[in-house]
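Look at the two complexes coming up: subunit A is in both, with subunit B in one and subunit C in the other.
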Partner chain A sequence: MLEMKNINKIFQTADVQTHALRDFNLTVNEGDFVSVTGPSGSGKTTFLNIAGLLETYTSGDFYLDGQNVGMLNDSGRSKMRNQKIGFVFQGFNLIPDLNLFYNVDVPLRYRGFNAKERKQRIEENLARVGLASRMKHVPSQLSGGQQQRVAIARALATDPRFLLADEPTGNLDSEMADGVMSLLEDINKQGTTIIMVTHDPELALRASRRIQVKDGRVSELDIVAEKALA
Partner chain B sequence: MLEIGLIFRALMRNKIGALLIALQIALTLAIMVNAIFMIQDRNVQMSRPSGLDESNTFYLTNTVFGENYNLQAALQTDLQKLRNMDGIDNAIQINAVPLSDGGWSMGLAREPGEDKNSVGTAIYMVDEHGIDTLGVNLIAGQNFTQQDIAWRGAQDTKWPPKAIVTKALATSLFPDDWQSAVGKTVFISKDQPMQIIGIVEQLQAPWNGWSGVERSTLVPSQLESKSAKYFIRTEAGRRDEMMAAVEKFLSESDKQRIIRQVMTVEDTRKQSYQQHIATNKILTTVIITLTMITAFGIVGLAIFSINRRTKQIGTRRALGATQWQIMRYFMVENFMISAVGVTIGAIGAIALNYWLVNTFQIDPISIDLIIYGVIALFIVGQLAVFYPAKRASLISPATATRTT
Partner chain C sequence: MFSYYIKIALISIKRNWGLSSLMILAIALGIGATMTTVTVNYLMSADPIPHKSDQLYYVRLDSWDPNNPYNEGISPPAQMTYIDATNLLKAKKAYRQNLSSQAFGVIEPPNPDDLPLFVFGRANSSDFFAMFDVPFLFGSPWDENSDLSKEQVIVLSKQTNDRLFGGENSVGKTLRFESKVFKVVGVLDHYDPKPRYFDISTGAFDDPADFYVPFSLIAEQAVRRSGNTNCWKTFGDGFEAFLASECIWIAFWVELQNQDQVEAYQTFLDAYANEQKNFGRFPRPIDNRLTNVTDYMEEREVVADDARMMMAMSFMFLVVCLLNTVGLLLAKFIGKAPEIGLRQALGASRSTLFLQYIIESGCIGLAGGLLGLLFAYLGLQSVETLYGSYMQGLATLDFNMVVFAMVLALVSTVIAGIYPTWRACRIQPARQLKCQ
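Showing the complex of A and B:
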């Protein structure tokens, strides 16, 4: 479903060449809940950006849903992001000028759904995260945990194959973080593949599969579910 | 999908900047449209034909200082020699030159008497060569004959019994049928009769700002004056050459006079409309400056708005917006701000014009001009926002995952 083979990412400035990812190899299967941990600067955000088609890579092969991502131009990557990937960001990244309804509406408009279908999806997904009654509120009227729930509703509204979460609980207190994690677990149980970057080892343990990135490489692969079975 | 609803909602939550730009667009439109209208009005005035063969005519002032000088004989000799010069088609003495800002005006009335309504007219004193030399077009009646021409001293108040008038003057005197003016008698200086023997198509008065600038009368008189104007028509394309030649010939042929102010009619026209030309330049500068200030304002607002929303743009890109969709967002946003601006501006332009019409008695502005102004400002807005919008479209979607 997601397959990275020998992915390299080099950031080049006038004087310095930084190898952010080195021969990065990873396969993520449908239904996985993968946590990605690693120290600061290890390359986990670069991995997430490349996995989410937010950045291009320098060399290697990357297949998403069987499609060679390297063949896509900017417009093609935008379409694929919209159709196959949902994002949950650490800072929620909601649009402060729009209420919850229209925040969730943003990716649906890029998808080209008609008004009726958009409305249905918005209402469904806001209900799914428990915020159906607050769709007229703007983000600043919500708590951090609620804002992250809206971001999750926005990510799910397009029915993505993957949900990429970048420190989804990083800006939340432990109670809210737990609530968001539970929601992600539910979503995963319902069949959505999740890749979550986190600093928090406790949250990482809640994923069915854990990987660690160090110096731009996958240094450890720990399939919790398989261990449990063994 | 143009996201008009979403853009509108976002604008409503950040009204001030957008409203200021909309007001700037409105002000620009109101001033621009009226300024263009004033420029057009002046251009129309400046493009009115004088009736003269302007490209092949010039004139000069012949000032006599010798004692016991025979003015009549000298004038006849000069004109005779000038008419025989190679390169010259014809020459006359005239009391004033169209558009030169100096001349005579009188009133013509259909009935004699002090209390009768008269129509103002410029007076040109010419001989039977007048029509040909000026290059005016006789469209009815006939020209003067040599026998019609009478000498007129500086103190004379008596007017000749014949006149040729312009079509505009004939129309003012005989509104029902201008052609019927031929053969009619009109009265000058209260009760001196003058028979209209011909009508010329056009001959402007010396004063371009006068409402009766098209009303002129030719009378068969030769002024006996120590300072006379000679008006000369040359063969096509030989005017500049003949100006020098005529000045030299006249200066050398008689040492009891000086030749001054040798000038083309084209230069006279330019001088006459100098104020119009200067005003048009000022108005054009105002339009360009205002438009540029507005364009810079739009660029400034767009850049500010984009810098403030970098992360938001990155997020939109991450959620699937293409570069074009990001560009389009800002261009549609500008279009909507411009729409508010031009709506207010169009109302402002009409209000300003209404005031100008009532204050300065100018014609009302045409709707076409407002429409062109609106289109122009929409284009300016879109051009101004293009660069910032393009910059916004190049914001990386990876900006969404940056924590700062």
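Showing the complex of A and C:
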């Protein structure tokens, strides 16, 4: 479970203070598929970065699986990221020099799995996203949709509790976007909690729960009513 | 994980081939220049006879001018008079003793069609060969009796034997040296210690001797002597007067097997000097010294100051090369910020990443070290070409130097990589991931 209580995030420059999140309160339960929408600059990505332990917060309390994240040092945060969180980015963020096998291998290396287990997990997860036959290919040999599938396979390889997706379909055409969304839905059905930031209202409606971030604050939207309206 | 980091480093080096090549080249130039000068200094200052350098002692007696001290009184005369050297030899108070001087002459080759050879060599005692572990290819040294009876025997260097006898075993054959018939009793294997510690008065890095003859033949004038000669007192005409003079021109070495023998020999020397005072010699305060090989090389500053200066300058050049490498590594690692951010997101801690990129620096350093060894080899070849036989044997990379070069390259590049790596690991992953 992910729980944020009165989280504030202030970006401080020499002259300006920017309040990215203000008293941000959110609880995400196990198995949720949460879509996060909101206008540009509203704080969606800041929220996702804090949720993914990629950024620290200024004040408040953040618990991930009951553990107070604020107490962790860099090493502890890295360990928790590796064990509990998977990331899917808009820009795929694959390492261009490594083939698909070694791209998926990266988080498994940091987890410390042995070679046999790493190989098994890589093959399983690439098969799960339909790319088992392309293991030796490098990212540039794949389409955008396929690259995003590899990124999803990499995120799932460590069996994370949470999958954080930042505009996962933002760089894809509608057909590819639909494929990636279907994959995320399947993954969610298999038990992985997903938090997805998106600008696309249609994709947001495919989540089981929708929240909106505006001026650094969160508001829960009635997804049933929205679906009925749609 | 170490092999994984190596693999990632090699991929990264291949990916940024241009930048990596520049760094490797910068390190190689620094290592090449440094290793060229370090090797020359190392070989100049190396212990030429490590297994017994603490048993071989150079003997000096202060028989010099009472009004004008030798070397401003810092040390006694660097060589010995004929009177003292022969007296010490006759006394036989050491386990082994050797007196020697440079000699020269003309050898008439056995084949009358060949031109005569003008050769430089040494006149010394029979103990010389055993004291200094001189290797023989054929035959053996002359014995003490040959020395005493002034036999015209000769030991040839390998090179001289090659020239005169085509490399055959010439022991027992005769040759004409200084118009006299000499019998060959031995032929040396290659023997060219650097520095030539047993006589540095004529240059510690000069060519090896072409021949060796008994020292007693000098007094007989069967062989002409050469080398450094210093006198403080006038003497009469003729060679006999020269031998009886206070001129110093002989190197005297003893082999002493333990500290008791050293102390006993020092006592003997002091007693000898006091005895000589009774004959009106040794007008200065007693200052007799026994100095082992390494101490003597250091005292005589066998490694020239300009060689040390060149080494210091080459290390400064290495520092400049490393500073360039710091800049290039910084550019490279900052360019990898998106990948670093991604790896952080996937679970790499800063310390993990630090290790990964330090290993990459180390790989670049090793590659630079390997290329630097090639540059050092070329540099040493150039030094040898420039200085000729003076540098022969001093311009070679031995195993120790190869290991030193690689360790120097590795350690210096890792140190150079610390700041760029630290900077790279300080980046905020969130910003990098959004930027991609």
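Here is the rule we use: the second predicted complex is superposed on the first by the 220 of 230 C-alpha atoms of A that agree within 3 Å, B and C clash if a C-alpha of one lies under 4 Å from a C-alpha of the other, contacts with A are read in each partner's own complex, and residues count from 1 in each chain.
We adopt the following convention: a contact is a pair of C-beta atoms (placed from the backbone, for glycine too) under 8 Å apart; a residue touches a chain by one contact, two chains touch by 3 or more.
The shown structure was predicted, so the numbers you read here are calculated from the model rather than taken from an experiment.
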Inset, instruction - Kindly say whether there is room for both subunit B and subunit C on subunit A in the superposition, answering fit or clash. - result: clash
Legend entry - First (subunit B), second (subunit C), both or neither touched by A:Asp97: both
Inset, instruction - Give the label of whichever partner, subunit B or subunit C, reaches more residues of subunit A. - result: B
Inset, instruction - Could you say whether A:Lys5 touches subunit B, subunit C, both of them, or neither, answering first, second, both or neither? - result: neither
Legend entry - Which superposed partner A:Phe89 touches (first subunit B, second subunit C, both, neither): both
Inset, instruction - Select, from 37-45, 109-117, 163-171 or 181-189, the region of subunit C that bumps into subunit B once both structures are placed on the shared chain. - result: 37-45
Inset, instruction - Show which residues of subunit A both subunit B and subunit C reach, each in its own complex. - result: 45, 49, 52, 54-55, 74-75, 78-79, 81-83, 87, 89, 91, 93, 95, 97-98, 106-107, 109-111, 154, 158, 166
Inset, instruction - Quick one: which bits of subunit A touch subunit C in the complex? Just the residue numbers, please. - result: 45, 49, 52, 54-55, 74-75, 78-79, 81-83, 87, 89, 91, 93, 95, 97-98, 106-107, 109-111, 154, 158, 166
Legend entry - Residues of subunit A touching subunit B in the complex: 45, 48-49, 52-55, 74-75, 78-79, 81-83, 87, 89-91, 93, 95-99, 102, 105-107, 109-112, 138, 154, 158, 166
Legend entry - subunit A contact footprint on subunit C (complex, rising order): 1, 4, 11-12, 14-15, 338-339, 342-352, 428-430, 433-434, 436
Legend entry - Contact footprint of subunit A on subunit B as seen in their complex: 1, 3, 5-6, 9-10, 13-14, 311-312, 315-325, 396-398, 400-401, 403
